[in-house]
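Right after this note come the structures.
First chain A sits with chain B, and in the next complex the same chain sits with chain C.
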Partner chain A sequence: MADYKPEIYFIGQIVGGSDFPTDLDGLFVEASLKYGENWKLIEKTSTIQTHTSYPDDEGFFVFAHPFDFYFICESVQGWPKLNIKVWRLDQYGKLDNIAYGIINLPNETGSFDLECPTWRPMSGWREESYNYYLGGPPKLVNSDPIVRDLNKRRFLTSMSSGSIHIHCEVLMKGYRDSFISGDQ
Partner chain B sequence: MADYNQDGEQEFQFQQENDGVNNQFFDHGLGNFEKTREREQEELERQIRAEQTQKQVDYHKSSQEMRDKTRTGGNYLPIKTNLKQAYSPFHIFVSGHIESGQINDYDGLCCKYDFVAGTDWQIIDGNRSGVSQHSYKSQQTNRRVVWNYPFELAFSSTNVTGWPQLVLTMTNRDFFGRDQICGYGTVHIPTQPGSHYRYLNVFQPISSSLLSQVFGWFKGKNAEFINPIELLSKNEGREVTRVISTGVIKIQFHVTVKNMDEYGIFPFKA
Partner chain C sequence: MRATKANETYQRNTYLSDPPDYKLDDDEEEEFDLDERLKEENQYKYHENLSHYDPKGQPYSYFYITVMGQIDFGEFQYLDGLQLHYHFVKGEDWNIANGTLFQTGQFAFKGQGRGLSRMIWNLPFEITFRTMTPFGWPQLVVYCTTKESDGSDTVKAFGSIHVPISPGIHKKIIRMFSPITTNSFTEFIGWFREGGGVQIDQPELIAFAEGREVSRVKAGGKVTVNMQVTQRNMERHGYITTNNKK
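For the complex of A and B:
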C-alpha cells in the first residue's frame, strides 16, 4: 500500500555487566548486529566495542556505550539481533573471550531494559584445569553455533556466566501504514 | 418424368441455389446481427469493468482520503500546501533535573551537563551546557549528594539519527580546594513522551601506567579524557580506554514531542 519502506531506529546504550566471575580483571564487550538480507543498516558500522571496564564493590561493570542503529526493512524476517562477546583483560595483559550471548532487539515501540544472560563453552577436565590455573576458558572457533547452526548446539556443553544489561528505545516509522504490528 | 425429374432437379438446384443465396444472405445478416450483439456485450462488459475499476479506484481513493483525514504519516506528508511546511521538522521539548547522586568516596561534587546531538539537530531554546553547584553530603542523608539542578531545552530536527544525549562530567573538590575529575556518564534523552527517571552509571578513567597514577596522586589530578563529550557521545574509538565504575546518578526527564506523528513516527502507545 505504501510506496516507501518502513524504517526503524534502535537508540540506546550497553549499560553494563554484572555477575561475571572476575574481581580484579577488566571486561569489555564486543557487540555485532546480525540481521536478515532484507534489512539495510544505514551509515553505521555493525560492530561496536566498548571500553575496558573494572568493577566497583558490587561487581558491576559500567560500559555506558551508546548506539544508534537505523534500519530500513523490506521484510520482517531476520529481525536484528545483537551478538555479544565478552572479553577479559587480565592483569598480565592477556585477552580472553570469556562469554557469549545473543539477544533480540525489541519488536515494539517503547523503551526497554534488556538483560542478556551469557554462557561459555565447557569441555573436559584438562581445559577446566587449564582455566583454573592459567586462565582462559575454552572458546568457540566461530560464532555459528550462537547464531546460525542451531542444530550444532547439542554438541556443546556450557557453563553459565554473568549478564549484560542493555537499554534500548525503539522508534518505528511507517509500520502502521504497512500494517505491521509493533507500532500500536 | 424426366422433365419433372429435371424440373425437380432444376427446382431443387434452384432451390439449392436459392437456399444458397438465401443462406448467404441470411448468413450475412445473421453474422452482422451476431457481431453487433457481441459488440454490445463487449461494451456492456467494458462498462461493467470500468464501473468496477472505478469503484476500486474510488474505494482506494476514499480509503486513502480517509487515511489522510484521520492522520498523515510517512509519504502522506502534505507537500506545497499553505497550511504546513513541506518536510516540517519535529520538535522535542526536554525539561527535568539532575536530582542526586551517589559516588563512592567522593564529596563536594559538581556536575556539568552537555547535550550532544547529531548534525540535523538544532537547539531552539535553552542552554546546551551548564555547571551545577558543589554539593556536600549532609549528616542525615549520609549517602547521597543532592544537586536538584534543572535543565530545559527545545530541539528541532528533520532526522531521528543522532538522537540527543546527555553527557555528564563530575568533578569533586578536595581538601586544598582543587577540582578533579571523578566521573563521566552518558544517557540518551527518552524517546517516549512523558516523565521518566534514568539511573546513570558513572565511571572514571584509569591511568595508563602506574607511574602516571603516582604522579597524578601527588599532583592531585586523576586521569581524565581530553575531549570527553566527543568521546562519550560516539561509539567509536573507545576501545583503548580503561575505566572503573564509581557510582550512580539519578536524573529526571520530562519529554514532550511535537509533529512527530506527521513525520511518521508514533513514539507513544495509543
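For the complex of A and C:
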C-alpha cells in the first residue's frame, strides 16, 4: 500500500573539481547526504569518498565517482542536499580539509550539470601566512554552519575556493498523483 | 475436507461458499449460528486492508510553493568582504508552512584564480509557502553589508527578484544597486562610489514600489542564486505553470 508515496531516484556522479588554489597537490572529495526526517533513504551508506586526483593541464581534477540514491519521500520539506568537504593531499603526504560546500539536488526529472562553489573559513593574517608558507588553512571546528545550523554563519568569515562539478539524473514516481510538480 | 459419509468424524473448516450438495450432520448444525456467519462476512469485506487509497481523492484547500536552493556567489568589481542577507517578502494572504523568511550568511572574501572575481557565500535556503491566491507572489530580497571600522554594519548593495512561477531549477542572476548619498561637492567632481554607505532599517522595503521616486542609486555587481521551485496543488486550483499541456 506504499505505492502512493512519491519516490525519487538521484543517479549521477561527482564529475570533478576545478579552480582550486592548489598547485600540484592531490584532491579528494567527501560528500554526505543531508535530508529531512520525512525522507527515507533506501541504501546502507549516504557518505561518499572519492579517490585522490591530481590535476590536468587546465587545473581540472577528475573524480568520476558514481552515486545512486533512492528515496521514499513523504514531504517536500527537507529535500536532499549534498554536503561537500574537499580534502587535499600534499607532496609530504599530509591530509587537510581545504573547502566546504552545500548543494541542493534537483527537484525535477531530467539530466542536470550542477556546479557547487566552495569556500573555506578565514580568520586573520597569522593564519593566512601559516597557510601560505606551510599549507594548512583554517577549518571549521564544528561543521554545523555549513547547513545544520545556519544561524552560526553570520559569525564566520570565508574565502572563496574552487567549484565541484556534479552530474545528476533524476527520476520521479508518484509525484503527479499527489499533485506535486517536477515530473513532467 | 468434505463429508463423504454421514457418520464419519472429520476436521471441518467453516467455508461460507460451500457447494450446495454439502450435507451437514444433524448434531453439527447447532455449531453454526446464522447471525454470526453474516457478521463475519461483513468484517471480511470491509476490513481496512482492502480499502483503496487514492491520493487524487484527498481533499485540498491550499496550494504550496516550496522554494529551495543556494545563494551561490557575488561578483562585485570594487567591493570585497561582504556579508549576505536574504529576506523573502510575500503578500498578506500568504503564510509560511515551513522554513525561515530571512537569514544571514558569512562575510565572504574573493579568492585566488578564477575565484578572484567571485565572493562565495554558498548560503542554502528552504521555505514553503501556503496560500490560496497568487496575489502577493513572493520575492527574494538580497542585500550585502560590510562592517565598518567602528563595528557598525552598513548596507552596500541591494537587489530583488520574484520567485519563478514555473517549477524546476532556475539559475538567476540578481543585478545589485547601491543607494547614493550625494552632496554638491561629490556631484561636482562626478565621484560616485559603488556602495553608498547608507544605513537602512528595513531592507525588505526594497521589494515594494513605494517611495522610489525620490531615490537615486548606482548600479553595480551581480549575485547568482540557484532557485528550485516545487509546487503542490496548483493544477487543482486551476493554474497551469508548466509548458506541458496535458
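The definition used in the following text is that the second predicted complex is superposed on the first by the 180 of 184 C-alpha atoms of A that agree within 3 Å, B and C clash if a C-alpha of one lies under 4 Å from a C-alpha of the other, contacts with A are read in each partner's own complex, and residues count from 1 in each chain.
Basically, contacts are C-beta pairs under 8 Å (C-beta built on N, C-alpha and C of every residue); 3 or more make two chains touch, one makes a residue touch a chain.
No experiment lies behind these values; they were computed from the predicted model shown.
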First (chain B), second (chain C), both or neither touched by A:4: both
Which of chain B and chain C A:21 touches, first, second, both or neither: second
Contacts of A:43 with chain B and chain C, given as first, second, both or neither: first
Contacts of A:65 with chain B and chain C, given as first, second, both or neither: first
Partner chain(s) touched by A:171 [first = chain B, second = chain C, both, neither]: first
Contacts of A:13 with chain B and chain C, given as first, second, both or neither: first
Which superposed partner A:160 touches (first chain B, second chain C, both, neither): second
Partner chain in contact with A:54 - chain B first, chain C second, else both or neither: first
Touched partner set for A:113, first chain B, second chain C, both or neither: neither
Common interface positions of chain A, toward chain B and toward chain C: 4, 177, 184
Residues of chain C that touch chain A when the two form their complex: 49, 53-56, 60, 64, 66, 68-70, 72-73, 81, 83, 98-99, 103-115, 118-124, 126, 128, 167-169, 226, 228-236, 241-242, 244
Residue numbers on chain B that touch chain A, as the complex places them: 67, 73-76, 104, 160-163, 165, 184-188, 190-192, 196, 200-203, 206, 232-236, 238-247, 263-267, 269-270
Footprint of chain B on chain A - complex, ascending: 2-4, 9, 11-13, 15-16, 26, 28, 42-43, 45, 48-57, 60-62, 64-68, 70, 89, 109-111, 169-174, 176-177, 183-184
Complex interface listing, chain A residues touching chain C: 1, 4, 18-21, 59, 76-79, 81, 100-104, 106-108, 112, 116-119, 122, 145, 147, 150-151, 153-162, 177-182, 184
